[in-house]
Structure formats: structure tokens, C-alpha cells
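What follows is a set of structures for review.
Consider the two complexes below, in which chain A is the common component and chain B and chain C are the respective partners.
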Partner chain A sequence: MNNKNLNEILKHREALEQKAKEEQNNSTNGPIALDDTQRVKVLSPGRLVAKRFFKNKLAIIGLAILVFMFLFSFIGPLFYPYSQTDIFYKYDYLTIDYASAAERTDAIAYALNSSADISSKIKNSLNSYINSMEKDGKAEVSLTDDDGSQYSIQKLGEKVYALFADQLTEVAKISPSVSIAKYNKFSKQFSWSSGTTVDEGLQKAIESAISSKASDFEYNGVSYLIKSESKNIYNIIRNTPEIEWSGENLGNEFISLAMKHQDETKFAFNGADYRVKVNGDSSISVSAIGGKTMVYVLSNLVFNIYDKAENISDDFKANALLAIYNSEKFSYNGKTYSVLKKGRKYEIYDESNTEIASLGNFVIKRYSGQDTLSFDFKEKAQQTIYEMLEKNQTSSKFLYSLPQMDLQGNYVLDKDGNTAYTDTEITVSKKNNQYVLTCEQVTYLIDIFGKPSSKHIFGTDGDGMDILARMMYGGRISLIVGFIVVFLEVIIGVILGGISGYFGGWADTLIMRIVDIFYCIPSLPILIIMGAFFDAIKMNPYERLAWLMVILGILGWAGVARLVRGQILSLREQEFMIAQEATGIKASRRIFRHLMPNIMPQLIVNATMGLGSVIILESTLSFLGLGVKHPLATWGTMINSVASSSENMIKYAYIWIPVGLLICLTVIAFNFVGDGLRDAFDPKMKQ
Partner chain B sequence: MNDKNTAEQKNEQEYLLEVKNLVKYFPIKSSFFRRTIGNVRAVDNVSFKIKRGQTMSIVGESGCGKSTVGRTILRLLEKTSGEVLFNGQDIFSLSKKELRKLRPKVQIVFQDPYSSLSPRIPVGEIIGEAVREHGIVPPAEYDDYISRIMRACGLQEYHKSRYPHEFSGGQRQRICIARALALNPDFIVCDEPVSALDVSIQAQIINLLKQLQRDFGLTYLFISHDLSVVEHISDTVGVMYLGTMVEYAETDELYSNPLHPYTKALFSAIPIPDPDVKMNRIILSGSLPSPANPPQGCKFHTRCESCMEICSYAPPEYAEIAPGHYCACHLYNDEQRQAKAEEIMANAKKEEKKNGKK
Partner chain C sequence: MGEFILKRLFLSIFILFFVMFIVYALMYSLPTSYVESMARELATKPGSTKSAAEWLVELNAQYGFDRGIVGGYLQWIKTALAGDFGDSWNWSVPVVEEFNKTIWYSFILSFIAFILEMAIAIPAGIIAARKQYSLTDYTVTVFSLIGISLPTFFTATILKLIFSVKLGWFDIGGMQSRNYITLSNFGKFLDLASHYVLPALTLTLVSIGSLMRFTRTNMLEVLNSDYIRTARAKGLSESRVINHHAFRNTLIPLITILGGSLPGLFSGSLITETLFSFRGIGYASYYSMITGDIPFTMFYLMFVSILTLLGNLISDILYAVVDPRVRVH
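Here is the complex of A and B:
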């Protein structure tokens, strides 16, 4: 039957063709019918869609914008010299804290006699003694050290104090009984203690004493004890104290007295006072206590030395301080110096009347803590502060020439190639107990909120990063996020919506309930929680971006699923689907050839519009600080960075307006293209 | 033996399609638990045969189950019970693969040419898709074949690349017919193929169908409610009412001598194109009962002019009243059938009394 039918058709067709040929022969050059194939241009469906699309002016504008955005975001960074995380610096005038001045409150001790031996406990508490002294209005205070040493602090004048100590003269040093050696009887070897001189006679005496099992023996008038430590090992101890007299021999009575008063530190002998001091090596020093001597000169005054290279010793300083309230003149190393009071400060001149140092109340340092300021600067600063104190001002100014720097960060040189100096106005202002010296200087700065310039076309942001570069990279992320999220949404939505619509039944019910649940989920709180969680675990920005996309995709598929289900539900019951079934076409082909193309327009429009809204959502999240994090740039974060106040928004309009325009343009472009595609896909649209 | 065989073969050859006691119920599900709470008896015990190369029509009111019969025959819907034999082969016993193989042989043309064409696919593809899928012609001849089919259905070759929406209703119906024809079928169910078209186009389509039948020896099951079209095209006609076949006969016989009161009423509605003729129309009272809850006894008795007592109790038997003329009506009962019906009625009455007493 089959073949017969086909043959018949073929025959029929041949007959028709023959007829047609005959007709053609009959009427050569017959009139061309209106619906002649030749006159009707036939386009393939794809080209038809394209043709329709390209007829839509708005769609073309949208497409052009999108192409621009893609080039801008994906190709742009390849040619743009800066990356999104480059931080830019510049040299610029900045009022910097140049130096600080503070009144020295603590006195500093200058040793007069460098050999003076004063315990650190006393040294460290000198200032507190001085403070209490000043508080009580006393002119002198005495203190006692743990070892019984007597000290006293005397006020010599304002801000100058002196520390006096007992003058000690050592009279004797007593070394008590001490182990001199260990003897091993078995190996017959001595191990001598350090500091003992090896004496062969002594050696023999020990050996003979040990062999006779004596517990003591005498040698050269010194008695020794032998103690058996363990088998064959003997400890030989010198039993008679060894005494070194510094001066005259005061006799054994003196020694026994000293030994007796070891722990009391002090004893009297023949009407004189002696101090006993147990040294580290258990020897005992006995010193005679003489009169008091000045050990330290203490002062709050600050030395400002003219020539720093000249190393001025503590001794010199101490002498200079003493001279203030003494003779105003002192000699040091054979030279005579004079100290003169000038206002609130003192100046030290040498013999040729040149100032070598001055004494003031203030410590003036660079803010970094280094003491690199010149004598002149310190003098001027000090002078200004004194004037301020007199006039009771809180701020003042003085001029001082500082090295000049140009805006490229180089020192300006004069004709001779030396560093040029310019008079710089230095402002001194009082802050708490300190004086801060500020001045405008060329400083190496992060170029934050740089105005648009030839180097940075859109300026720089608050982190000193190039805005144009960040716009490009931000566009990349925004577009990638848009595409991936929409892709995820569409994939999940089409699969679930398709199953739901095509198969119906319990699968439909289940999936639609899931969709309902997803519609109920308040996405913003979830995203806020997510953002907080990611912040808490300090996720890296790239990982965070990936999770953000997944979560946005999962939150957004429900709409697509519902759309697809609705479409499929209505299409499934259309007669053409039944007709296709009747022709025996496979189910998969029915779905992909007949159902899908009918869903595609809605899907594409939905996806394209979705792209726009996802970009907006991503920007919103980033703006709220929940989305993509620094240092990754997105358009949202860029706007966020200047949106802290309306003042900032006005001030930094050159940052957020271009970025906002980009978002706007992209979303509008996606909508235009989406509309254009919908119209193009719809064959029922009037051309 | 031989004689018998040949007779059977003849029978087989003679009847392309045999429908035996076909029943199709649509379950009514409760909305919440999805339990079946009743059935819509769309097709209730329908039997008929169609001879090879002939056209059988099914007529009846809207909602009487004509289209359901058509779709169930093609197994686009699963039957509830009964048998559909196509070329002696039970369609419902086929596996999915076998059914797919059979599909091209049995085609359908739908009522609405607007919705029965996939809107996003060019016409050539609509017609040719299944041809390619089933390998009706070798791939080399495919293009020419589609063109030939299109020409045979009165379409131009350049229509191939056009979309359905670019065509008028008549052309679309031609496309539908071409789609069915391209699969080289033996049997086409025409489910009201012309009712959506205007009259002039109707004639074209009817003529096309007739021509194709002539040329290719097609067999049609023509479903319609337009009696004049049916008279024009069909060899035999079955009249359906509320899911059951009430009368079946050859066209001439039926049109000249309708037996069933419903058929009479139906035919009396055919307009006669002569203003002077006084039409003797039988106006049926009431409306079509619900197929979910059909009346007891004869389904038509609620609206029947000549309703008897027996009609409301016993369903009439679908019997051959005259040679080739089947009818289901108590008016034409022979003694045997009458006795059977009366017995049923008596039982039913008893039952009623019992129930009443209780």
C-alpha cells in the first residue's frame, strides 16, 4: 500500500509537471503572478528574527550600549594601564605635624664623677624624691639605700638639684674561709678553685695530711680544713681569712668587728664610722665613711647644643648646670665657659664668646621622634612658646626656612646645586600640655578623591584607586554576575518548570509548592544574613562573589519556573501538540522542537530583563555592603564609597554620577534588547 | 476452510477500521484529595466499522462525544474499555514503539486550523518533520516530496518557508491536511475540519478531501455537526447522542429514512434553500443532559417526542433494524427485544417500589 501511494504521488507530480511545462510552452513569457517565488524574498527563520530585530531602533541602541559595555568591561582593562587595586600616590602640600615641643618635667641626672656607684633603685626614684621635695617646699631631702648608704638631694636653684652621697674610702678587703681545691685520692689529682695560686708545697702538705687522715693541717701559718666529700674526694678549705689592707693595718680586732657587723653594714671603730659591704664573691669590703660629695647634678633643663657633632659629656653638662647658680662661669678641660641667663633660658658661651648651647624648658623633637632639628629651629620654637606663655596665647606662628620640595617629590636646588630653602610658616599650637608645630610641606600622599585629570580621567576614589579602572573591572563583575545568575535561574527554572508543566500530576503540585515557598522567602533579610555570615567567617572576595551568584540564582528561579510551567501548560493542550503526537514524533522532539521555541521568546525576554534587574540587585547589595567586597570593584560598591552623606555625594559627584550612569545605561540597554528580541521572536508582530 | 479464510480475509480487507463497544470515561476528581468521584461518560459503548476507501461521518450535537471517539481511535486518549481494530490490529494492545510505527497510517485533521499548527515552525518543516522522522521517503527525495504534497493540497512550493500565521484559515487547513497526507496514511480522522471556515472555503476543503480520497484511496472518519456537508462527503453516517451511537446507516438510507426520533429532529433542522417551503421542524425541548449523570433507560427519553414508559427504564438495544441500518430505539423493537426490555423495566419498577417502601 505504502509504496503504491508514494508511486501514485510521484506519477501525479510528473503529470503535473508535464502539464505545467505544456502550459509554459503554451504561454511563453506568461505574466508573473504576484505570489511568484521569485518575487517573494524568503528568509530563514533566524535571519527573519535578526532582520526584525535590526529594524528596531531602540533595540539597536540597546545592543550598541551593551556592546560598548562589554568592550569597556572586558577588553578595556587589557588596554588600560591601571588595575582595579592599584593605589596612586602624589606629592602635595599638606599641613603636617612637623615637630612637637613639651616641657620636660622629669629631671635628668648628669654624673659629675662617672665612677660614682649608686644603686639603680636610687637612680630610678630620684625624680619622685624631687617631686615630693618640690611639693613639700623642702630644700633638701635625705634618703637611705638598702645597703645603708646615705644620700641627700639638695635644691641648688630652680630646676637644678644635686645628689650628694657618702664618700667611702676602702680600708680593707676580707676574704673569708674558702675552698681552694678538690683532691681526688684515687687519681691523685687536684682541681684548683679559680683564683688560687698553685703551690707545690701546699700540694705536698695536703697529700700528706690526707694520707694521715688528718682533718686539718697548717701550712705557712695558714690553717686548712680537709673535708671528705665522697669516697676518695676531699675538699680542701682555707680556714684563715685573707685580709688585704688598703692603708694601714688596723689589726685583727678591727677584722673581727667587721666580720661581726657584716649584716648591720655599719660599725664604729676608734671613733670612726666604717661601712661593711658583702660583695658578690662573698668577700667583705670595709670602708671608712668620710664627708659627703656631690655625685649627680639633676635638672629639668634641656640642653640645646649648637653643634651636634660636638659630643658634650655629662660632666660638662653637670658643670654648666652648677654654674647657673654659682659663679656663672665654669672651667672644663682647661677651658672657661660662661653661663648667662637670657629671659627664661640660659646660654652657654665659650671663651671666644660663641654660643655653644642653650638651656631651655622644652624638648623639641620631630614628630617621628627623631632629634634632627637644628639648634636655630629649636631656639626659635622655644622663643615662640615663651612669647605665647607670656601673652597667654594658644597658638602662634614663626617663620623658618626649610628645604623646598617640588610637586614631583624632588628637593629644589639652587644655582650652586645646593638644596634651596624657603621661609615656611610654622604654626605652634597648644594641645593639652604639648605644643604642636605644624607647617605646610610637600608630602607623599595617597591620592584620595583625586579630581578628574589627564592621568585619572574620572579621578580617584577614597582609597586612591583609579575610578575608570574600577569602573571597567566593576562592569566585568556586574555583567558576569548578571549572566551567571540569570543562567542559573533559567536552567533551574526551565528544568523544574518544564517538568512541572509537561508531566503535571504530583510533580507539578510538589514543584509549584516549592515555588510558592521560594516566593515567600524574603530575599533581602536572607541576603543580609548571608552578608553578615560571610563577613564573620572572613571569606575571600572571590569565593564570596561565587556564593553570592549561587544564592541569587537560587532565590530567583521561582519566577522563571512559574513562567515556563504556565507556558508549557497552555501549549501542551494546544491542538498542534496533539497533532504532533498523532504524527508519531518523539516526545523529546516534541518538547524541544515545538514547546521550547514557543517558550523561548518569553524566556529570552524574561532573561534579558532579568539581567538588568540582577545587575541592579547586585549593585544594591554591594551598595548596602552585603555583596561584593573590597578590593573587588563593582558599580554598587563604588557608589557606596561616596554615599556616606549627602555632602559627600555633592562633593564627589564626579565619582558616582558616571558609575550610576553605567548601571542605568546597562539596565536600560538590556531592557531595550529584551523588548527588541521579544518583538523579533514574535512572528505575529507587524513588521 | 478455504472459503472461510477468504471470507475473513475479505472482511478484513473490506473494513479498515472496526470499533467495538468503545467506552471512554473521563474521571471527575475531587479537588483536594484527587479521588475519583464520578465519570463523564464521553463515549459509552460505541461500535462501528469503516470500509476501506470510504468515508464514515459521525454527527451529533456539541458535547455528544464525537471528537472523543475520533481521538480515542487514534489512541491520543486511552480507552476505558472496548476494542479498536485497525487493519485487524488492536490499537490499544500495541506497545509504544509499535504505536509509533503505526502513527503515520492513522492521521487526524483538527477543527481549528489556527491552533493546530505550531506557530514558530515554518510550514515546510511542519509538514515534513514527521516524514523525516518516520523515513517515509529517502532523504534525497525529501524536498521534492514535500513540494509535491503541498501542490497536491493546493499549496505553493514557496509557502514552505513561511510561518502558519501568514496564511488564511483555508490555507492553514490545507497545511493540516498536507501534514496528515505527507505521512502517507490509510486513514484520516477529520475532526470537524471545516466548521471553523467560511462556506466558500469549506467547499474547497471538502473537495480537496474528496479529491485526495479519490487519488490516494484514503479512508475518512468525518466528524461534523454540519449535516449538509456530511451528506455531501460520506458513504455511511452514524448519529451520536450523549456518548452513544443512536443510529447508523448508509448516507442515502439515513437521509431518506431516518428512524430514531433524535435523527429525525436533527434532520428537520437542515435548512432548505427555498423560502416557500414550510419547514416542519421538530423542536427538542430541554437541553442536553450532563454526560456525567446521563438519564436512566434510553438516554434520549427526556427530550423524546415519542417517549414511552419503557424508555425511562430500559436502555434500547443498538440493533440492525433494516439491512445496514442500525438504530437504538424502543420504537423499532422486535418481540425478542421488547420482551427483554419489559423484563428490565419490571425489575427496575420492583426495585423502585422496594426503595420507596424503605
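Here is the complex of A and C:
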């Protein structure tokens, strides 16, 4: 009845099977037979692990965070315009201390055209005398110097004083005994003291006196002493005083009186007063004391000289000051000048009635101390201060045109190419006895701790560097350090652990003792010591980063070696290893093809978890300032730079908390992934 | 057992010898200019009666820097065995004196953190394991992973921000308040105690995670074992299964681990103590290390190494004591 051949039957069956398959594909809920091959899905071990891994929610979260971190720190900088070392500047209006003004309290002495020399002791104490005069309300005070000179200070008017000194006329100069020459008897040579005129008669007289071994002799009415200094060397001393008369000869009586009074400095002779002064070369000057003359004009007033006026000498200033309380006019170098009082100040005009200087109470200087301000500025500032004093204000303002700057910090030029000026508001404020003049100027400065803005999303740090860029580069360094260190650990650990576990014997014993030693070495202290050492030799940051990774790797391999050895020891006992030995596979193939894949799961889990702890260690060291150094960015240093004081901790919380969270997130992600991998590789723990 | 301990003891001494040799070699390799600058610095310190040159000679002689690595190391061992660790360069007192001054602060701090850690982590780990894949389990797992991932310095800074700066409950660092002298004895005690709070909290937070995980993993392992299934099969109540059968067996690795970490309580905590200016051994040794105080650093590293070895020894012994099966094999 069935006339179909076998071939057809097979074709029919195939078609049916195809149909069933399609049906099954269309409806997954379709009934499945007990012996259906579809029931058992055979997955490769790798896919099995992946499937288990992707079922784990925490692992997925971890993986997502890691992907984000990698994109953020490796891809992010490619698209972000700034690098980790870019320093940002800004132009900003900055209130600067432009100038300062202070009332001059000390009087300055202007010398009148006179040659009187006044000891520095008197000069230096003039101000204190003036102050005490003002305090006691005296109009005149007289003072005496150590050498008996008489001076007096007179108040000429408000803030103007004059110093008077005795007019001295020298009448005689007495030079007492003085060594005139040295004579060498052996070489018969004279060495004359400077200022002695060589006299051949005297020379002969000396020679004869010495040859007759006399101790003194007279020549031309002058007596000389001979003193033997050493063998053959004689000192010839003139014993009679030498007198130089400036005017008429007042006789020997005058001289002996002067010599007698040389310690008292003053004596009277024929009804006149004389002053005796012992000079530095032990000669004595005798001067007649005449009337008093004015030597200095002293004043607290400050000269403000018009920019284009010629240089004004002290003498001019002294004359001008005198004119204030005199005729209001004075002549100097043949020209007549007038001094007029205007409000609180005085103005000095020349013959053509143009103002050449003014006299005020305030010294106005640039804040840096230079006296480079213009006449106008000084006048205006002074005027403002006077107004402030009248109204009893502590701060005031005035306008003055200063060179204009644009927001880029360049001086603005007008169409002719000259510097443009703009009216700038200058604030005068009183600080103690000083007035500080401040104004706002555009200044070019490093944008330190810039607030978050559209240009810098997290703002800038204390060095004016973009925080977000440094976060990215910091992540790069943390991840690179983590991977390289773990790679080093795994390489060393697998090689040594593998040798130890596979070969056993003395190699095992030796390596395991080394592992024990490295296990016991306190790694954090060693890292701190090395950090301090690198600091001490000021190693460059890139070299230092490399060393840090090497040291971390060397300190961390022992755990990996132990793990690998343990794994190999337990695998060695298993049947498949015995089978390999029986089949005689090469050792290298046995290790890399059969042993390693069985160790890999543990190793991968260990390395993933290890990455997290290396990142923590690195950031901790950097936080302590002993790890990666500026200008390289790391998360640890970024936190340290802003969270060191309690004030900054609050102020810059928007910087250090996100950075800290980045560290935490990265480490958590590695732990999540490691945990997920462990569960995926080793399903025994799952029920 | 006695033979085993003796063997391990000898091994430990052997390891200590080489660990200290490595540390010594490292110290020795620091450039001499470093020692020279140290000598200069010491000579200018207040109270120094020696000149820089004298210091240099003394330092070189004291640490055998004039005898090469091996000779110097052997000399260091000789003096160390006699109990003489020299004078600390940074603290200007004998090393042992500085050690005695600081060690108990550190121990108390670590001990408080240790107790807190155990009191929180073990129950949390057990609960998480009992209710695997529940919300509680996930919470504990996530918290412990976060705990492991928290860098100490970040935790400390966050705690400082919250409790010192914002709330103002505790000082930001140090051991005493400003008005310490004026306080009564009890007040002084309270003041000191308040300075322990933040460091202890930091230590607990950063170390609690791993213990929690450890407890959970071990409890899970125990709960999956055959004897628990047997206990359940014979109809024991769940509480008896957990408290009587499972918990006791979980204790085996726990006691081993915790016993092994007991010596570590003396080693101080470098980072935490430094961050809180807590005058313990960790703080002292941190500043000794960064200032190149070789005598104190050598002493501290030796001390820490001994503690580590002791910890390993204790956990090995405890393992044998607690789990009779180990002794049989």
C-alpha cells in the first residue's frame, strides 16, 4: 500500500522535522518532548561563565561603572578641550591699592646758602626739639652741642621753623708738638711727615744733633725733640706750637689762654668770646664768636612741584618757606616769586604768574613707595583729603583719569595711537593715620578656585587648572597604575608560584620562604619611606610614577604566588594531570594548555579585586603627598589640596566629594565585577 | 603540637631576620646626603649639644653605615637584642620611651574598633547568609563592598566634615580640647574619650566590610554542607540548626582570623592616626618615616613584622585548636 520509496520517506520526514523546528521557533512555550535535544542547551564553558556573570545585577552595575570610568578617563580627555596642566587666567576688575597719603609729621631741614657745618647729633635731633617746642608752646628754644656750639630754633609761623647758629670766624690754628720726620742714621735718610716742608738747614741740624747724641735741639727759634725709636731710627718731634693766624696776630698770651681752655671750649679775651675746638689731627682751632645766622629752614610742609617746572633746589625751598610769613614774595637767582595762601595750602607762582609748586601737608606716593604720581593727581588727592577732614569723613571718592585697560588687560589706544585715559573712581579711605587710595583696575590673574561655570564645569583648582580635566587625567593615572601594578604582580606571582608548585622540591622551599618574607614586609611603611625618600631627592614626577608602580608590584606579588602554587598543588592531584603525564605531552604544553586555564579563573578574580586595592593604596599615598606628584593629576592629591583645613573642607566640598566618589565608585566597581566573576566561575556557592 | 609550634617559631625568626635585612638594606641605600642633612638638622634642634659633624659620625657609627650593609645589619641586631634601639631622631627621646608613650593610645583605639567591628559585622554576615538573595543580603553585600572600597582618607574627611565641621560635635583632630587643663578628672576622661570617637569610627567603617563578607561566605559554606542538610532532614527547628549546628562551625574560621588579627591591634593605624593627629604609635611612626628617623622606623618595622608573624602563628595554632580535624591529619 505504501508505494513511496525510501528516499521519499526520508524527504518527507525531513520536511516534517523542519516544520516542527519552525513551529518551535515561533512559539517558545510549545510543548517539548522528554527526549527532545532542544531541552539541553550545551554552552561552551566561557559562554556559561558569561551567562552567569550577566545574570548578576551587582556585576552588571560594576561593569557599567567601569565602562563609564574608562570612557571618562581615556576617551573623555580626547574630546575635552583642556589638559591636566593647562593653567587658566582671567581678567578681572581687581581693587588695587593705587596710592597712599600720609600727613608729614617730621620737619625736613632745607639748608640756606651757608657753609655752616652742624654736627649730625644736632641735625638728627631737630625734630624732637621741634616737637617739644610745640608741646610746650614755646616760640624759641636754644640748644648746645657737645663742642659748646650754641644753636637756637625759632618758630617763624605755623609749621615753619628756622635754625640759628653762632657765626664763627677762625682767628688762629695751633698745631702743638708733632712728629715732622723719621731719620735713619744708618742709611742717612729722612722720611718726612706729610705737610712738612723740607728744610736743608733743619736737616743738617738734626743730623748734627743725632751724631752728638743730644735729645733736643733748637733751630730757628723752634725747639725739637729727638726720640730713638729703634736701633738707628730716630723720631724728630717739633716741640714748639706752630700757629697760623687767619687775621691779626693776637700774641702769645692769647695762645697760652687758648691752650689752657682747650677742654672748656670757650674763653674770653679782651672782652670778646672765642671758641676752642680740637680737630681730628690734634690741632686746635680758635674762632671768634659773632652774631647768630640762620642756617636751616625747617618745615612739615610738603612741596608738590609742578611736573614741567625745573628742578627746585633746597635753597629755593628754604626761601619760599621764609616768604610765607614774610613778604609773600622772594627772589631767587634774580627772579621774583610769590607765595600765596589758598585754603589750607600755599601756591608758588613765578614772575609770569604760572604755578610752579604748591605746599601741602600730605606726602602722596604710589602704594609701592615710588614718588611717580603727577602734580594734578597729588593736588586732587590732597583736596579730597582736606574735604574729608572738614566733613569728618573716613572715606571719600574722586575721579581722575588713569590709563584705560580693556578686559584683556591691555592698554587701550585712541585713534592717534596714544594711550587713552578714562575717568577712574579713586576711593580714599582713612586707615589709622594714613589714607589709602584704591581704584579698580583690570588685572590679569590666575583663575584660582574659579566657581563652576559653563567654561569649567567643576571650576578650577588652587593652581588655576580645570578640575574636570584633572579628574579625567587623575582617573587615567589611577587606572593605569592599577593595571600595571596588577600585571606586574601577576607576572611575578605566576612565574614564581608556578615554578614552586609545578617542580616542588628545593625550588618550592626556597620560593615559599621568599614569599613568606615578602608577605611579612610591612608594605605601607615601606611605601611611605620611599615616598619621603623620593621627596628628599626631588625626583621628577614621571620617573617617580614609574618607580611607584614597580615598588607596588614588588610588594604585592607574594599573594599571587601563594594562590598559584596552591592551585597547582591541588590540580596536580587530579586525574586529568595524571592522564597528561601518561600520554607524554610536553611540559610546556601541559603547563600552558592544561594547567593555566584551570588557574585563570582564580587569578582573574584575584586580579580584579587587587585592582581596587591598588587604586586605594595609590590614592592614599597621593593624598599624603607621597605618591604621584604635581603636575600629574591624581584623585588623592586633588582631595588633599582642598580638604586640608576645615574652612576649605566646606568651601570646596563641590570639588573633593565628587573626586572621592570617583575613587569609591571605581574601587566598588572592581569589587562588584570581581565578586560577580567569582560567583560565575564557581557556581558551587550558588544554590 | 609542641613540635609544630617550635618549628613555626623558628621559621618566624628566620623570616624576621630576612625581612629586617631587607628593611635595613633599604634604609642603608638612602643616599648618605640624607643622613648628612639629618645630622645637620639634629645639630640645629633645640637641646642638641653636638655639632653636625659629631652627629654624622655618631649616626654612621650607630647604624653601622661605615661597615657595609651586612656588617651594619649584624651590629644593629646585636644592639637590638640587647634592648637598645637608640634615640629617636624625630622625637629626641629614646625609641623605647616614645614607644611606651604612644602604644597604649593606639591599642585602645584599635581595640574599640575591633569590638565594634565584631559586634556589627558577624551578626550582619550571618543574617545575610541565612537569607541569601534577600533584600537584607543584598544590602549587607553592597555595604560590605562599599566598606572595602572606601579609602581611609576619604572616610576620615567625610566624617570630619559631618561631625566636626558641620555638627561641631567633636574636634577635628588631636587628643585634647583646648580647655583640657581646666577640666576635672572625669571631664578629662570624657574629653579624651570624645577624641577617640571619630578615629574609631573611621577604623570600623573601613575594616567592617571584609569581616562581613568573610562571615557571610563562611556561613553560606556551612549552610550548604551535608551535616546541615542532615540536621534539617531529621526535623530540627531552624533556630537550632542555625544557632547550634551552623554558627558553631562558622566560628572556626572566624576565630582563626580574629585571633590572628589580635597582635595587629598593637601595630597602630598609620593613616587614621595621622589624619586625626591621634598621638598613637601610627602617628609617631608616620612622622618618623617621613622625616627619615631611622632608629624609630627600624624599631617600628621590626615591631610590626613581629606582630604579623605572631598573628600568623596564632591563627595557625588556633586553627588546630578549634578544629579537631586538623589535628588528626
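One rule holds for everything that comes next: the second predicted complex is superposed on the first by the 368 of 687 C-alpha atoms of A that agree within 3 Å, B and C clash if a C-alpha of one lies under 4 Å from a C-alpha of the other, contacts with A are read in each partner's own complex, and residues count from 1 in each chain.
Keep in mind that, in the parts below, contacts are C-beta pairs under 8 Å (C-beta built on N, C-alpha and C of every residue); 3 or more make two chains touch, one makes a residue touch a chain.
Quick caveat: nothing in here was measured; it's all calculated off a predicted structure.
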**Request:** Tell me which partner A:His594 touches in the superposition: chain B (first), chain C (second), both or neither.
**Result:** first
**Asked** Looking at the overlay, does A:Ser119 come into contact with chain B only (first), chain C only (second), both, or neither?
**Response** neither
**Prompt:** Which chain, chain B or chain C, is in touch with more residues of chain A?
**Reply:** C
**Contacts of A:Leu16 with chain B and chain C, given as first, second, both or neither** = first
**Asked** Which partner does A:Ser401 contact after superposing on A: first (chain B), second (chain C), both, neither?
**Response** neither
**Item:** Doubly contacted residues of chain A, that is, touched by chain B and again by chain C
**Value:** 684
**Request:** Would you mind writing out the residues of chain B in touch with chain A in their complex?
**Result:** 71, 74, 76, 99-104, 106-108, 110-112, 115-122, 129-130, 133-134, 136-137, 144-145, 148-149, 151-152, 156-158, 161-163, 165-166, 176, 179-180, 183-184, 186, 215-217
**Item:** Contact footprint of chain C on chain A as seen in their complex
**Value:** 58, 513, 516-517, 519-522, 524-526, 528-533, 535-537, 612, 616, 619-620, 623-624, 626, 636, 639-640, 643, 646, 649-650, 653, 656-657, 660, 663-664, 667-668, 670-672, 675, 684-685, 687
**Complete:** In the complex, the residues of chain A that touch chain B are 1-2, 5-6, 8-10, 12-13, 16, 35, 37, 40, 42-45, 574-576, 578-586, 589, 593-594, 597-598, 600, 683-684
**Message:** Under the stated contact criterion, what part of chain C meets chain A in this complex?
**Reply:** 11, 14-16, 18-19, 22-23, 26-27, 30-31, 34, 37, 132, 138, 141-142, 145-146, 148-154, 157-158, 160-161, 164-166, 172, 217, 220-221, 224, 270-271, 274, 285-286, 289-292, 297, 300-301, 304-305, 308-309
